[in-house]
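Note that subunit A is present in both complexes that follow, paired respectively with subunit B and with subunit C.
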Partner chain A sequence: MSSLAVRKARPAAGTTPGTAQGPPLRRRVALLPTLTLLLGAVYCLLPVAWVVIAATKSGRELFSTFTFLPGTGFADNVSDLSAYRDGVYWQWMGNSALYAGLGALLSTVVSAFSGYALATYRFRGRETLFNVLLAGVLMPPVILAVPQYLLLAEADLTDSYLSVLLPQILSPYGVYLARIYAAAAVPADVVEAGRMDGASEWRIFTRIALPMMVPGMVTVFLFQFVAVWNNFLLPYIMLSDDEKFPITLGLHTLLEQGANTPALYTLVITGAFLAVLPLVALFLVVQRFWSLDLLSGAVKS
Partner chain B sequence: MPYTKRRRLVTSAVAVALGATTLAACGSSDEDGDTQAGPVSLTYWTWTPGMDKVVDLWNKGPGKREQITVTVKKQASGDTLVTKILTAHKAGKAPDLVQAEYQALPTLVSNDALADISGEVGDAKGKFAEGVWQQTTLGTDAVYAVPQDIGPMMFYYREDLFKKYGLKVPNTWEEFAETARKLKKAAPDKDLTTFSANDSGLFAGLAQQAGAEWWTTEGEKWKVGIDDEATRKVADFWGGLVKEGAIDNQPMYTPAWNKALNTGRQIAWVSAVWAPGTLTTAAPDTEGKWAMAPLPQWSDSENRTGSWGGSSTGVTTDSKNKDAAAKFAAWLNTDADALNALAKEGGIYPASTSAQLSGAFTNPPEFFANQPDFYTKAAEIAKTTAPSAWGPNVNVAYTAFKDAFGTAAKTRSDFASALETMQKETVADLEKQGFEVAR
Partner chain C sequence: MTGTTARRRPYGVKGAPYAFLLPATVLFLLFFALPIGYAVWLSFRKVEVSGLGLGSGARKEVWAGLENYTDALTDSELLDGALRVLGYGCIVVPVMLGLALLFALMLDSEKVRFTPVTRLAIFLPYAIPGVVAALLWGFLYLPDVSPFYFVLDRLGLPQPDLLDGGPLYLALSNIAVWGGTGFNMIVIYTSLQSIPAEVYEAAKLDGATPLQIALRIKIPMVAPSLVLTFFFSIIATLQVFSEPTTLKPLTNSVSTTWSPLMKVYQDAFGKGDIHAAAAQAAIIALATLVLSFGFLRAANRRSKQEAAR
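Right, the complex of A and B next:
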C-alpha cells in the first residue's frame, strides 16, 4: 500500500492525496467500490461501537435501554472490574502484556536472524528449510497446542510463564516475512561492500542490514503481538493457575461461571473494551515506522 | 485407547452383575494412596465463584489438623474444561481434584481420568437423594465423585401478568399448551415462553422428567435411547407449540431474550432452582413479580422433575494423594459450614439434602422476596428428581441437538426428524470412539 504511494510523486504538504492529483478529467467518484468499502467499514466498526457504548452501561441498563444509547455506569464498571477478586483483572492485563510484549520481541529477533540468514547466505538445504517453513505458515497454530502441551509436560514446564512464551517465539510466518523483506530491502551489493571493507558478518548484520530491515521487523513485531495478545487455545491448555492467565482466558472465566451463576456481562464487556485499548495505542505509536518503508535503502540502481 | 474403554465398561458391567465390592481395574486408591507421610498439598480445578474462600475454611480448620492444604485454580466451566482435564491427564498432570458436571462423569471415567473413591466417601451416600448419588456411581459399585450442587427444574412465571390475563399455573403439560394458546389470544405480541435450541441441558432435563434414558448399558454394550418414546413425546410437544406459533422459537441467554423477560414480552420460563440469579441480571426491572411452581407433569398422577445443571467433585487418577483428596471432597460437600459458605460465596444450591433447608436457604432469594417458602418448595421439588442416565459422549449429543433443533426451531418444522439426527450422530460417534453399541 504505502510503497505504491511512495512511487508516485509525493503530494505537496498540506494537500490530501487524491484530491489534486491525476488527470482532471477522471474526477468521477467510483460509486460502487466506495459504497462497498463504506459497508465494510460499518460492518467492522459497528461491533466496536457496540463494545464502547455497552461498556458505559450499568448492569441495569445493559439490556433494557436502547442499544446505542450511552449509559451512566462506566466508572462503576471499571471500579467493579478492578475490585473483582482483588484486582486479578489487572494481573491478567499485565500477563498479557508480558506474553505479547516479550513474546513478540523475542519472536522478532529470531525472525530477523533467520530471515536474514535465509536471504543472504547460500547453503545446502536452504530451499528445503524454507519450504518446511512455508508448510509451517500453512499449519494453523491451534493444531499444535495439544502436542506442544504434551511436549512441555515432559519437560515439566506446563502451568508456567515459559510454557506460553516458548511456543510463540518461533513464528514461521515471521521468519517467512523476514526473509522476503530482507531479500528485498538488503541488496547483496551492500553486504558485499561491507565484506570488502573487512566488517565481520555480525557487524554487517547489526550495523548495515538490520537498520534496513526495521520496517519489516516492525510489521513482524505487530503481527506477533496481536497474535499472542488474542491467543486463546495455547494458554488455555498450558495454564491452570488463573493468576498466570492472559486477558483472553481471564475474561472467559468471567463469562463461564457455571449455570447457577449468571455471566458477569458488564465486567466482561468493560474488560474487553479496556483490553483493546493497548492494541489500538500500539498501532498508533508504531505506525510511523511503516512510512520509512522502501525509502530506506543505501544503493540506488 | 478404545480397548481400555471397552474393558472398563466390561469390568463395570461384570462387577454390577456379580455384585462385586471393588473394581480391580479402576485404579482404586488402595494401591497408591495410603502412604500419607507428612503434609500434603492438593490442587483443585473449579469454576465455582468464591471457592477460594470456602477452601480457606478447610485450610485453616480440618485441613490444618490433617496437614492437607488445598489450592484452588479457578477455571471456566463448560465442555472445554473436560477436554482440558483429559489433555492434562494424558500428560499425567491432571490436578488432584476437579469439578465436573454430572453429564461429564462418564466421559471422564471412560478415559480413566477419575479414581474410584468409594472406600473414602461411601459413607456420604445417605446425605444425598438417591437419584443424585446414582449419577456419581454410573450404576456400578464404584464412586467417582461427590455431588456438590444440583439443578432441579421448576416453572417460573410472572405472577402479576398471569393474573392480568386470567391465566392459571399449569399442572400438566397439556394445561401448559392451553395457557400458551390462551395468552396468544389475549395478547398476540406476547409469548408464554420460548423453545431454545441453544440449551441442550434444558431439553435433556425435560426428557429426563418424561422418563427418557438416553444412555444405558446392555451387557457389554452401550444403548442409546435418545430417540425413545419419552423423548419423542417431549420433542413433539415443543415442536407442535413452536409450529403453531403458540410460543417463541428464539434462543435463551441472548440480549433479545433478556429484554423479552425484562419487558414482560415473555411471561414464563421453564428453568431450574438457580433461575433467580439469572433473572436478577437478565430482567432487573421485574424484581418481586415472579413466582415459582413445580414443573408441569405429563399426567395428573405423576410428580417428577428433571435436572438442568449441577456438578460434583471428583478425584483424578493422577493424584498422588487420593485419600486426602477424597477426604476434602467429602468435607466440601457434606460439612454444614462448608456448604453454608458454598451457598453464600458461590451461590450454589447444595446436593446435600440436609443443607437445602439450613443456613442460606432459610430465606427466599432476594429477587423472590414475595415467595417466602421458595426454598421449602424447592427442597420438596428436588426430592422428586427423576434418575438420569448419562453416557460417554454427551458433548456430541448436545452439539447435535444444537444443530438439528436449531434448524428445526428456526424453520418451525418437524422436531421428530431432528431427534432422529441427534440419535444417529450420537451412535455414530460412540462407534467411532471404539465403544460397542447395541442396536
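Right, the complex of A and C next:
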C-alpha cells in the first residue's frame, strides 16, 4: 500500500542493455520539471507564508511595513483574539474539533460496517443498495441542506450540535472506499475459517476483519475529518447561536464584522493562521499513513 | 469478493449483511432520501396569502404545479448567476486540471529533485478550508496589505482592482485552482505510478523523448483518472458557495446572488420563500447531473472510438 510518500523503482536511465550510454549530462538534475514543481510549491505556499508573517504584525505594522517582514505583535494578537467576546474563538476551535473528531469517528464506523458487508457477503439487493448510497455523493449539498434544515426544524433540532453532526455521519465516499478496501484486505477464506470455528458474524467482523481494515479506515477517518472541518454550508444554514459555530463559520462572521474596521484585520488574520495550524500539523504527521491510491480505486489485492 | 461459499452458509449468516448495513440505510433515509423527497414536494407547492396575510387562516400552502419552476427558469438573477458560474467554471476546471496534470507528469519524470517537498507543498492547500483560503487570498487582493500591490507600486505599474469586473472572476478562480490542484495532482500521479515501467522501455529504445512519452503514452494511460477528476471538478464548480460568500464583505461586486447556490440560500433564508428555493435547488441538481453525466458519456464515447481505431 503506497502513500503520499509513494516511490517506484524504475531502472536507471542508460542501464538498459542495447541502448547507447547517454552523455554525462543525462545524470544531472532535470531542470525544467524541477523548476516547474518549485514554482508550483511557491504558489501554494505563498498565502500560507503570508498569513504566518501577517499574524506577527501589530495593527499599525500591518499597513506600514513590507508584507514579508515579520512584525512584533504576535503575542498581543493572540491575547487580543482570546479576549475577543470572552474567548469565543477558542470555543469555535473546540466545536470544530468536536464536529470533525466525533463526526469522522462515527462516519468511519458506519463506513466500515457498510463496506465490510458490501465486500464480503453476497445478498439480494447488494448492488442496488450500493449504487443508491453512492448516488448521494452527486447530490448538491444545498438541495440536501435546505430541506434538512426544515425537517430538523420540525424535530426542534436546528441550532444544536446534533444538527451539524448528524447529517454528516453518512459519507457515500467513505462507504465506497471502505468497500474497496475491505474487498482487498479481508480474504474470503479467513472469514470462512472463522465461520468453521463457529464464530458469530459479529465476532468475525470485530476480531478478524476489522484489524485487517485499519489502514483503510484511517484514510476514511482523515478524509471525513477534513471534509467536516472544512464544511461551511451546513453549519451556515443550521446554526444561529455563535457559541456553537465551527471555526469556518466563526472566521466568516469575524471577517464580516472586521471588513469595514481595519482595526479588526489583525484579529481575522491571527484567527486564520491559528485555524490553519491543526490541519496542517495533522497532515504533516499522518501523510505517511495516507493511502491516497485508494482514491483512484487502485488497490492491489 | 467471496460469494462462492454462499451455498454452505448457516442460516444466521443471511441476516448479517442487512444488520451491518442498517445504520447506513437509516441515515440515508433520514438525511438523504427524506430531504430530497421533501424538497421536491415543497417545490410543487406555494403559500397563498388571503387578505392582509394576518390571522391564522390567512396563509395557507396550496398546490402550485410547475409555477415555481417556470418562475425560476425566467428569474434573471438565477440565470445571471448560472452564467457567472459557467464562466468561472470555464476558467477553473481547465486551469486546475491542466496544472494538476502538468505537476503530476513532472513528479513522475526522471531525475527530478525535491519531489517529496514540492509534492507536499502543492498538496497542502487541500487541508485548508475553503473559507480560510478565500480569506487569505482576499487579503492578498486588498491593496492595503497585499505584497503584489507593494511590488506593482514600487515598479510604477498600474494597479488593477482585483475584486471587481473581469478580474473578480480570475480572483475567485485562483482561489479554487489553488485549493484543488494538489488533490487532483495526487489522483493523477497515483495512476501514473501504476503504469509498469516496461511500457516506457520500448518507446525509449525507439528514441522517444520524455515529451513524446508523456504525450503519447502517459496521458492516454491516465485518461480514466483524468475523466474522473473532470467529473468531480464540474460538480464542485457548479456548487461554488463558500468562496464568494467569504469574499463578499471585502467587495461590493459580489452580490448575495452571485452564484446559483447563493441565490437559493438567499431565497430560502433571506426572503423566506422555501418553495421557490426548493424549485431552484432541484433545477441546479438536475443541471449538475446533466452536465456531469453528459461529460462522462461524451468521454466514454470518445474512448470507445479511440479503441476502435
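Throughout what follows, the second predicted complex is superposed on the first by the 243 of 301 C-alpha atoms of A that agree within 3 Å, B and C clash if a C-alpha of one lies under 4 Å from a C-alpha of the other, contacts with A are read in each partner's own complex, and residues count from 1 in each chain.
Note that contacts are C-beta pairs under 8 Å (C-beta built on N, C-alpha and C of every residue); 3 or more make two chains touch, one makes a residue touch a chain.
The structure displayed is predicted, hence computed values, not measured ones.
First (subunit B), second (subunit C), both or neither: which does A:237 touch?
both
Is the number of subunit A residues in contact higher for subunit B or for subunit C?
C
Give one of first, second, both or neither to describe whether A:63 is in contact with subunit B, with subunit C, with both, or with none.
Both partners, subunit B and subunit C.
So, does A:213 touch the first partner subunit B, the second partner subunit C, both, or neither?
Neither: A:213 stays clear of subunit B and subunit C.
After lining up the shared chain so the two structures overlap, which partner does A:269 touch, if you call subunit B first and subunit C second: first, second, both or neither?
In the superposed model, A:269 contacts subunit C only, not subunit B.
Thinking of the overlay built on chain A, is A:158 touched by subunit B (first), by subunit C (second), by both, or by neither?
So A:158 only meets subunit B here.
Of the partners subunit B and subunit C, which touch A:227 in the superposed model: first, second, both, neither?
Neither partner.
Using the touch definition from the top, say if A:140 reaches subunit B (first), subunit C (second), both or neither.
second
Let me test your reading of the model: by the given contact rule, A:256 touches which partner, first (subunit B), second (subunit C), both or neither?
After superposition on chain A, A:256 lies in contact with both partners, subunit B and subunit C.
Subunit A residues touched by both subunit B and subunit C?
Touching subunit B and subunit C on subunit A: residues 62-63, 146, 150, 236-237, 249, 252, 255-256, 258-260, 262, 265.
Help me check something: in the complex, which residues belonging to subunit A touch subunit B?
So the residues of subunit A touching subunit B come out as 59-60, 62-64, 146, 149-150, 153-154, 158, 236-237, 240-242, 249, 252-253, 255-263, 265.
Hey, which residues of subunit B end up touching subunit A in the complex?
Per the touch definition, subunit B meets subunit A at residues 43, 45, 47-49, 73-78, 80, 84, 87-88, 90-93, 95, 149, 151, 201, 255, 258-259, 262-263, 272-274, 277-278, 280-282, 284-285, 308-311, 346-349.
Taking the touch rule as given, give the residues of subunit A at its contact with subunit C in the complex, in rising order.
Those residues of subunit A that touch subunit C are 2, 4-6, 8, 10-11, 13, 16, 18-19, 26-30, 33-34, 36-38, 40-41, 43-48, 50-51, 54, 62-63, 66-68, 109-111, 113-114, 116-123, 126, 129, 132-133, 136, 138-144, 146-148, 150-151, 166-167, 169-170, 175, 183, 188, 191-192, 195, 200-202, 205, 226, 229-230, 232-233, 236-237, 247-249, 251-252, 255-256, 258-260, 262, 265, 268-269, 272, 275-276, 279-280, 282-284, 287, 292-293, 295-296, 298.
Which bits of subunit C are touching subunit A when the two form their complex?
1-6, 9-10, 12-14, 16-21, 23-25, 27-28, 30-32, 34-36, 38-39, 42, 99, 102-103, 105-107, 109-133, 135-140, 144-147, 150, 178, 181-182, 186-187, 190-191, 193-194, 197, 201, 204-205, 225, 228, 235, 238-239, 241-242, 245-246, 249-250, 261, 264-265, 268-269, 274, 277-278, 281-282, 284-285, 288-289, 292
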